[in-house]
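See the structures that follow.
Both complexes shown next keep chain A, but they swap its partner, so chain B is in the first and chain C is in the second.
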Partner chain A sequence: MKRLINDPYDVVEEMLAGYVTAHKDHVVLDQASEAQGRVVVSKSAKQKDKVGVIIGGGSGHEPLFLGYVGKGFADAAVIGNINTSPSPDPCYASVRAVDTGKGCIYLYGNYAGDVMNFDMGAEKADEEDGIRVETVLITDDVISSENIEDRRGIAGDFFVFKVAGAKAEMGGDLDEVVAVAKKCNDVTRTMGVAMSSATLPSKGGPIFEMEDGDMEIGMGIHGEPGVRRGKIEPADKVIDQIMAPILADLPYTAGDEVYVLVNSLGATPLMDLHICFRRVAEILAEKGITIYKSLIGSYASSMDMAGMSVTLVKLDDEIKELLDYPCDTPYFKQF
Partner chain B sequence: MSDYILNKDYFIAVIEDLIEMAEEKKEYFIQLDSAIGDGDHGMNLSIGFREVSKNLEEWKSEDINTIFKNAGTALLDKVGGAAGPLYGGFFMKFGLPVKGKDEVTFDEFIEMMESGVAIIEKRGKAVVGDATMVDTLRPAVDAMKKAYHDDGCSPKEAMKIAMEVGAQGSDSTVPLIAKKGRAMRLGERAIGHRDPGSASSAAMLEIFYKHMP
Partner chain C sequence: MKRLINDPYDVVEEMLAGYVTAHKDHVVLDQASEAQGRVVVSKSAKQKDKVGVIIGGGSGHEPLFLGYVGKGFADAAVIGNINTSPSPDPCYASVRAVDTGKGCIYLYGNYAGDVMNFDMGAEKADEEDGIRVETVLITDDVISSENIEDRRGIAGDFFVFKVAGAKAEMGGDLDEVVAVAKKCNDVTRTMGVAMSSATLPSKGGPIFEMEDGDMEIGMGIHGEPGVRRGKIEPADKVIDQIMAPILADLPYTAGDEVYVLVNSLGATPLMDLHICFRRVAEILAEKGITIYKSLIGSYASSMDMAGMSVTLVKLDDEIKELLDYPCDTPYFKQF
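Let's look at the complex of A and B:
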């Protein structure tokens, strides 16, 4: 195993201890007992009356989720064990930590465990404190199911979180924040490829076996098997296979504008990402689709997995304005 | 038959054995979950039951319901994911029908099982055939009821039947297309793999049987 950790049972707590110390200008760890040390709160939270934006999910996807806690983005992130949803009490504690009387929104990728735990957190916030909490599930992974509501959330989380954070910062009410989050999710599509498994600290080895030199198209961010495994092909051929399902999943016409994210799952270098992005740009140019802006780097990882994903957000003026709105977090700043 | 009693020692022995099982089978559950999910099931049960283990000594003086409620709360808090609400829910509801008691009849034990399995079905929104824990637990509890109420089996025989039917239920997840949880995204690719939750549930039934007087 090529990981620098101590006891595998301590990885999440030790990561959080390092994170809140390193980024002490931006975040603190919620000290409420229900938070169980698993709620990262923005120092800007409760500074003014606004809808509370809460994101979260399992660990192992850094900088998702904790990296996006800060002014203009998320007010709090709830952190679970590796590849595992946080439990209900931290989800509940996060509401108390950020609510200013305008209600809160939970945003997370669509996974059965996350839904159960966050729903229980929302129920408790309603029952004990009368705080209204709404939920928007992110379902950007095109290949994970034919039914959109069954799809999982991966790197597209970033954009949905961003628009909700901006709308809340601009003073939108809870219904308006929910509406823009849903709208952004509706126009966000992602697909990925993996070339190795992440290393599971508890196992001291890969989550799943993958022969050196193989790739798997459509693999999930937790290593859920994808649609096709084969020998690694040249970048352009791989991108062609990723872009086709993404573009086929929404009605695109010449003149449309997109925001592009080429995301590393952890071990794929910036060199490769830019080579891949080059092909993405070529394909979009052929279709007459304009790239408004691009992000290239690791925004939603699977620890040390080799692989990448492409996300397209089909833009309109409202989504554009929200994505451009200023924010200041440890892993995404915009002024 | 009505003088058949399960006392607190039985339930504590079950919990102690579950703690051991979670450690012993950790690698096995990780392997099962790696094939179709994200590999977290083994580690999560281990994290949860280690927390139960830390506090069990302190809880032993409480009544059966409180012990299980505490254990369920520990699982819910420490585990997260799907296993937390499901196993945590099972234990939190398991003792509810016998609040305040230190020993239970077999009729009450059946009620406890029913109460626990019902919350798993409700929270997981799963039915038999979805390739989940419910494939093990629902047929097991139904078979136990029938064996005891209709077929004249002794409590221990009825629990043995539940254990066997549960194991078959777990086996039945192997050729299924998973319809819940992460494996559901795999569709036909999940065929040929055992659902990890169904396997840990079957192991739990074995423990409930093993310690029965």
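Let's look at the complex of A and C:
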């Protein structure tokens, strides 16, 4: 294992200690006992009356989730252990930390543990404090299920969080924030490839086995099975196999506009991501689909996993405006 | 090798093709024949009369150098092959691409090949076009030599580029831009640790051998020898060994203020960087040194190398103002 950590059971607490120190201009750790030190709150939270935008999930996907807490984006992130949902109490505490009387929205990738625990947090917020909390699950991973509502959420999380954060900042009410989050999720599609497992600190090695030189098309960010394992192929061939299922999954027509994210799962360098993006752009140009803007980097990782994913968001004027809206977080700034 | 590339000899051209497409709002490739397709130019270049700020070096360190081309930062980056200096013609072409009559500054890490080729570019700009080009070499890698002027430039490049870019944007003349770049380099110190080699596309494997589980304290970003190789130790012990030589290398006294960069060389995840930053902050607090701001991420990589570095910039009011000055590049935005 090529990691720089101390006690493997302290990685999340030590990461959070470093995080809130490094990014002290943007965030604080919620001190409420129920937060259990696992709720990162924006310094801009509660500065004005607005819908509270709460994101979260297991650790090990940084900068997802805590990196996107800040003005115009999420008001709080609830932090679980590595690849593990946060428990209900911090989910509940996050609501109390950011609610201004306009209610809150939970946004996270569709994983059973997260659904169970965030739902318990929402119930408690309703029962104890009378705060309304709505949930939108992100389901962008095209190959994770035939049924869209059963799909997992991966790098597309970023875009759904962003539109909800913008809508809340612009003064939208809870129903409106829920509506734009659902709308964005409906037009967001991702597919990836993995070339190694992440390493798990508590295990001191890889989470799952993968032979050096192999890749798995469609593998999830926790190592969920993909569609095919084989030898690593040239980047253009890999991108072709990723883009085909994405483009088949929504009706795309010539003239459509998309926002593109080429995302590193951790160890895949910017050089390779730009080589891959080059092919994504060629394929979209062939189909007459226009690239509105692109992001290339590590936006949703799996620690030191080698691999990448491509996300397309099919745009309309409303989603464009929300994605372009200014925000200021440690890992995404726009002005 | 866990890389996503096509022909290994096309990686730089394909990366650049992807780069200028993805970041078309910020940059273009210089079309002059002498640029050889290796000069990335800011769309804000030549929009007003100012000193031209030119950075560059070998590829494989992305987002260094091309990621920092944009308004308020560098006007152009000259791009070499992997771990190889750009040749003299593109160095020369970059001057013609950005000069507005106020002269240009070359800024790059101190490596013999870069010095030779950029110097030839500067001579040609003087002889052919009468354009004055000054050079400031970055020498932040504390353990690379006893003599400061013989030291290599690594992640500290970022800060020297930033202050020069800001000073030029603010209207400073060439002598003033040179002066702030030198001043910033004089107070910037970096040291790193490596836990693996990067993989070299043309070789299809690691550049040098390193046993899994080993680390080398002080290793350079191309694999230049460090001070000690051994088993990977706990993060806090590693950081202690990095911080001691940095702090011994400048007079630091209680009350000093520093800008901190904890930089991933590629495969070391944000989780680990924040754990490391936590210890950096503890050490600085013990010494009474105040952290003004911090950056945690991959700012100067070696492709997929596992490892990280710590950079400290000792601040005064002038350097703070320049580091805080607004800029807008694909990989660093500030407002």
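A few remarks follow.
Keep in mind that, in the parts below, the second predicted complex is superposed on the first by the 335 of 335 C-alpha atoms of A that agree within 3 Å, B and C clash if a C-alpha of one lies under 4 Å from a C-alpha of the other, contacts with A are read in each partner's own complex, and residues count from 1 in each chain.
Assume contacts are C-beta pairs under 8 Å (C-beta built on N, C-alpha and C of every residue); 3 or more make two chains touch, one makes a residue touch a chain.
Because the structure is a prediction, the values reported are computed rather than measured.
With both structures placed on the common chain, the touch criterion links A:His222 to chain B but leaves chain C unconnected.
When the two complexes are overlaid on their common chain A, residue A:Gln334 makes contact with chain C while staying clear of chain B. Touch criterion met: A:Pro86 reaches chain B, while chain C stays clear of it. More residues of chain A lie in contact with C than with the other chain of the pair chain B and chain C.
Shared-chain residue A:Met116: touches chain B; no touch with chain C.
Judged by the touch definition given at the top, the superposed model places A:Tyr68 against neither chain B nor chain C. Looking at the shared chain after the overlay, A:Phe159 reaches neither chain B nor chain C.
Applying the stated contact rule after C-alpha superposition, one finds that A:Gln36 touches chain B and leaves chain C untouched.
In the superposition on chain A, no chain A position is in contact with chain B in one complex as well as with chain C in the other. Residue ranges on chain A touching chain B, taken from their complex, read 8-9, 36, 58, 80-89, 111-113, 116-117, 120, 144-145, 150-152, 200, 202-203, 207-208, 220, 222-225. Looking at the complex, you find that chain B touches chain A at residues 26-27, 30, 34-40, 42-44, 46-47, 50, 76-86, 123-124, 180-186, 189. Contact residues on chain C toward chain A in their complex (touch as defined above): 1-7, 11, 14-19, 21-23, 25, 59-60, 62-63, 67, 193, 195-196, 212-213, 232, 234-236, 238, 260, 262, 266-278, 281, 291, 293-294, 296-298, 301, 303-304, 306, 308, 328, 331, 333-335.
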